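First subunit A sits with subunit B, and in the next complex the same chain sits with subunit C.
Our next item is the complex of A and B:
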């Protein structure tokens, strides 16, 4: 992500709507109709196809020990109103409190871009890279949470969240479907997590995504847009955007109009519904906040001489200490381990998977290109099947490395290795070697014994032997298979092939 | 003794001529017998006596905390005080007991001062008469002085006395009246557009508005964040310097306080004003300025001239626009500052339970008076997208021009500006309420609010009595953070004018009683 940083000339306050921040109140909505794809169909009217336009506003909670202007802790799922200081409750006389503070007119960064990639087919082998422009990033305070109980006309307020630092990332409408929106947000999420500036867990509300959606015909001005809120996962983001695109197209095709409104995504019904209390345009009545003097950001060039370096922000210094961003990490993985680019995406997408992979590579003689197969095909699919994170995996990286080493040293066959892995998932604390011993899975190292088994197979398969001798070498594979079966997979197929060839073809 | 200055009484405490407890008791008794002044909203007798007792222990062991130890003080009821109800004279905060003290209050307590109570004001400090609070108007103690009675109350109609009482000025009228009626030795006010200097002038006490950023505003319930400053009300300039020294300095809880160390200062006894340049801003000869104040102002200028100072007429050309811009900026900040009062976290909550929104609305309608609601509505109007450029931005620009006017004058070599504080002496309450709050504030703040727009230090010094026997104050405006120079000049002036002491029956009775009680003591 590239963003021009400016000295920020001051902060702005806006009058709170009374009480805490906005919330959704969901009414009934018609169930979603036909299956919906991301690609917009041609208009019924025979006009050019509809072009969907998607922009995003993302609020990421800043990961910090304390709130933006108060010493209260930031803690997810703390008991309601348990991390609220006098300041957070905006007691009379506390400064600057009682209104929301935001960087309305002088955001901390402007004119950035974010590159993200997504696959264009289902097999995850065709990746395309796209770019979305970032209009600005601004810092602001989070609001409290309010829960409306319409039936009893009650509102419950939790101020734990009030005053937590947020960064609002405004993405230009450069996307065209749910998949793109989800991929862009995923990349941003990875960047924030890499930097450590936000935990960015959507389910915990640390990353909140609002989507602005409109459709229009090519060559015509953008259509009226709606804002879709209440999206709490990437999957729902893609669904919500695609639903909204489709809804708008159908509405327009049926001669209707699109209202400039805020809609909420109902994840149970899979559709968007108008939001009750955000109708009409809000005028937040911004004004500059006089209680906070400007925070000036310097770079090495603009840094004044004889100033205490501890007390100023030098963005060049911060830049030097930044960790590798995901795109750089991926390129390094591809280069260092010779893996495919799409594999590097998968590695980074799963929290902790890259570290797992690198740790295995370090402990094994197996080539990284082969290791990645075990990581992606075996480990990851097992974790996905059981909805586990990498951290929760019953098999850790050293166990997998031990197993792959046994395979690499030809002490077990790959069939046996899969069998061992199957045992390891049970998480009984046995090492791969113990399992191999226990289940007698090691390859038969005794060549004489193996030769005898081969001979027995030859003796029992007269027809096949004749075919091979007649020049049909393919039949040899059947014999190899039979040896494998007889040894219960404990024979090295390469060795078996050599032995059989020697006996039949020499 | 009650009529002594803070420094004098502090010396008496040190010498043992009086104990903190005796002093506290006497003040409390006087508060009771002058209750009709309505200076106090809350009197905290018990905690005050406890604080006095603590102070007494320190004196006994020879370890007083300093000049303020054992000194009875009062605080305007828009400063947060831990454990003591803080109302802003509003229905909205009736019964609200804050869990923390404003930095300035804490500083006074930490230095041993004895807090007697919280003083009356206009609701949320919005006003210039101390007449618009939910606890009723403050009565100017001078209404009951021998000086006023002799000149203004017709002897034949003593029944008129009750309708002749004059306003205390505002919005810190309670604090000014408390100091003026000798119930405390110093009081905190707040000054956003003149709220400390105006009542100081009307009540015949010294009112200091320090430079913006010198004293913490943490815990001062805000009116206009960019102009508010805690104000100091005392009997004399020396005392103001003492209190200033105990309050000034950086506060991490108020980012607008300056980081530089503030050095408390004592004012010299011998003051030479001959090298000073005193500016007389011609724009302060404002329409409505009473002829006797004009005469007094020019007499004051002559005093300086005769002492060898360079007295020159100067121009602050944008002064005329100041009050209008002040109104726009003030209401804009009020709009957001008042947003927090929604009945959820503290203070008044309406019984209305139809919906949450209707509860908010009813709470605010019931909790705020017309003045506060009016300012909230105008402020929100000025901040609307379509009005922002035309009102708020324009007012900000003019504010810059006003600040530049002062800068130019000071840069040209002028040290101190001398102006009137008010257009006239205090008017009777029944006259005052004939105009609405908005009109009154516009008239009464006209000579004071420009200093707030520019953030400059200013002080009102009681100068003389009017023909009606009421106090008149003149104002000195200094350079930013040059309080030392400002107060030095003010002290010199104070010495020259020898402002008469208020003669109140109640006080005489009390001080008399005290002296009888204290017959054996040598202090008199």
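Our next item is the complex of A and C:
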């Protein structure tokens, strides 16, 4: 059973230097019982352990058609200033526009939690569930984009993004390493995509993550935190957080101090660097927005009568119409198909893989528990090797289903099936059956012929036969191997074993 | 309301992200003097150079002008953010009804480069407080 744990309880010791050829995954978060700090450089051993603290501020772009307060389109990579209304551009200038509207005092939601899982080892055999508290979710406007033209000391401004609705999700510092941060964000991403409220693609700026990182000794107050920005993928999030933790530990162990600053992650160097280009000290100068009446959320009980339904947000109604969230989907997959929880995670994690799996299961007699092996071990590894998405797979679900049916009907061996899959991968348009016939991979169905071959092998291996009859049954495998060779892999090893045993041991 | 915010700001009710230098807290009611720290903070925020005494004096006069608002007794009166507070926010249909007016948008721009607005140069690197030669230091 898995228990919900807040924070990983892991402790860090000083690990090898970043950039000195060491891996960027600087020490894993170990369970509290084993502080696996790996190699500590000589001369600094026996130091007190560090507890890293990681909080996240996530901005998710709302995938609405129009902007929060204007009717201009929400569109990625549109020509500059083409999806901008007069309002977005603060024209004609009478209103106090040009300020970002946000929910400073009363955010739309507070006190939530997010459950996420991670595997404690690389084999994905043990999953642990963690939770992170969500302090609040607030609505705000996105800002425009500025491009710095240093050659002409100019700043060019594109307001396409200005006014697009954002959800800012503030996560409490309940995480302790890059892996946890990435796993939490991944789960949030899946939830948002399932709900359809955000496409949450980090590469397109629809999901932006800033990490707040600090370290302290157990029992002592939290240390000074830095904010890390410019993180463009989940992988970089984990790297940036782990690097920053390590940097702070080293700085403090060398007698230095941590500045409460904003740092940028440099993905090429795998490091965080101070953001010198910041506009000095930040002072947001919040002021109330006088032109917006309050947004009131209702539930079924508080819903006023005789009101235009288009004008009302009823959270009960929204709740009723929610699709299955990822955690529910996973549980259903496990229950329906008898697969392991780890499998359900991989299925949901890869875009389109669940649909592929279910499609194959529908078309084949093979049990889902066996099908999942082919999906996760064979298909997925091919896809990963060639950096392809499920949609781009040259092998589609009906092709795989046909192949698995041949295997299930014992027309081919599993070794032959893997061979056929390799051929299918080439995408030459042949069906599994055609490849089997072409490469002569069918299992010999003629039992008599098989018996004759077995007998021939027995006759030719007098020593081995004696050993088997004397009690050394392991030698049987050698005979099976010889039969396989004689039949060019077209014999069913299970059947061969039965036949040999019948001849030798009866 | 925005002018009131300015007054409130100077009394230190600001939410600053990072820690700035200690700001003087003037006595409410009396004409507020602009201290060196406040000036430095303002200069960093607004990227405006108050280098000459005229600038600082104009600033002080502006603050004095706004301070007249304090002559209104607001004891026991709940602050009002909006005259619309008894209404409900109007929810618009999520339809695209605007945009596609790049030419018109850029018509009034003093400078433009290939359909981008050109912003005035920002980030004037200001010398640190100790290095500054503001006339205030002598006062």
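Heads up, the rule we're going with is that the second predicted complex is superposed on the first by the 446 of 506 C-alpha atoms of A that agree within 3 Å, B and C clash if a C-alpha of one lies under 4 Å from a C-alpha of the other, contacts with A are read in each partner's own complex, and residues count from 1 in each chain.
Here is the rule we go by: contacts are C-beta pairs under 8 Å (C-beta built on N, C-alpha and C of every residue); 3 or more make two chains touch, one makes a residue touch a chain.
All of these numbers come straight from a predicted model, not from anything done at the bench.
Asks: Kindly classify A:322 by the partners it touches after superposition: subunit B alone (first), subunit C alone (second), both, or neither?
Replies: In the superposition, A:322 touches no partner, neither subunit B nor subunit C.
Asks: Name the contact category of A:99: first (subunit B only), second (subunit C only), both, or neither.
Replies: Once the two structures are laid over each other on A, A:99 reaches subunit B alone.
Asks: Does the superposition put A:388 against subunit B (first), subunit C (second), both, or neither?
Replies: neither
Asks: Given the superposition on chain A, which partner contacts more residues in subunit A: subunit B or subunit C?
Replies: Counted on subunit A, the partner with more touching residues turns out to be C.
Asks: A:80 in the overlay: touching subunit B, subunit C, both, or neither? Say first, second, both or neither.
Replies: The answer is second: A:80 touches subunit C but not subunit B.
Asks: After superposition on the shared chain, which partner residues are touched by A:89: those of subunit B (first), subunit C (second), both, or neither?
Replies: both
Asks: According to the stated criteria, A:157 is in contact with first (subunit B), second (subunit C), both, or neither; which is it?
Replies: both
Asks: After overlaying the two complexes on chain A, where does the subunit B footprint on subunit A coincide with the subunit C footprint?
Replies: 86, 89, 91, 96, 153-155, 157, 159, 283, 285-287, 290-293
Asks: List the residues on subunit A that touch subunit B in their complex, please.
Replies: 13-16, 18-19, 86, 89-99, 148, 153-155, 157, 159, 283, 285-287, 290-293
Asks: Quick one: in the complex, what on subunit C touches subunit A?
Replies: Those in contact with subunit A are residues 1-2, 5, 9, 14-20, 41, 44-45, 47, 81-102, 105-106, 108, 113-119, 121-123, 126.
Asks: Considering only the defined contacts, which subunit B positions touch subunit A in the complex?
Replies: My answer: residues 79-80, 86, 88, 93, 96, 98-100, 102, 217-222, 225-226, 253-256, 332-333, 335-337, 339-340, 342, 344-347, 353-357, 360, 364, 380, 383-385, 388, 392.
Asks: Tell me, which parts of subunit A touch subunit C in their complex?
Replies: Touch list, subunit A to subunit C: 64-66, 70-73, 79-87, 89, 91, 96, 146-147, 149, 153-159, 260-261, 277, 279-296, 310-313.
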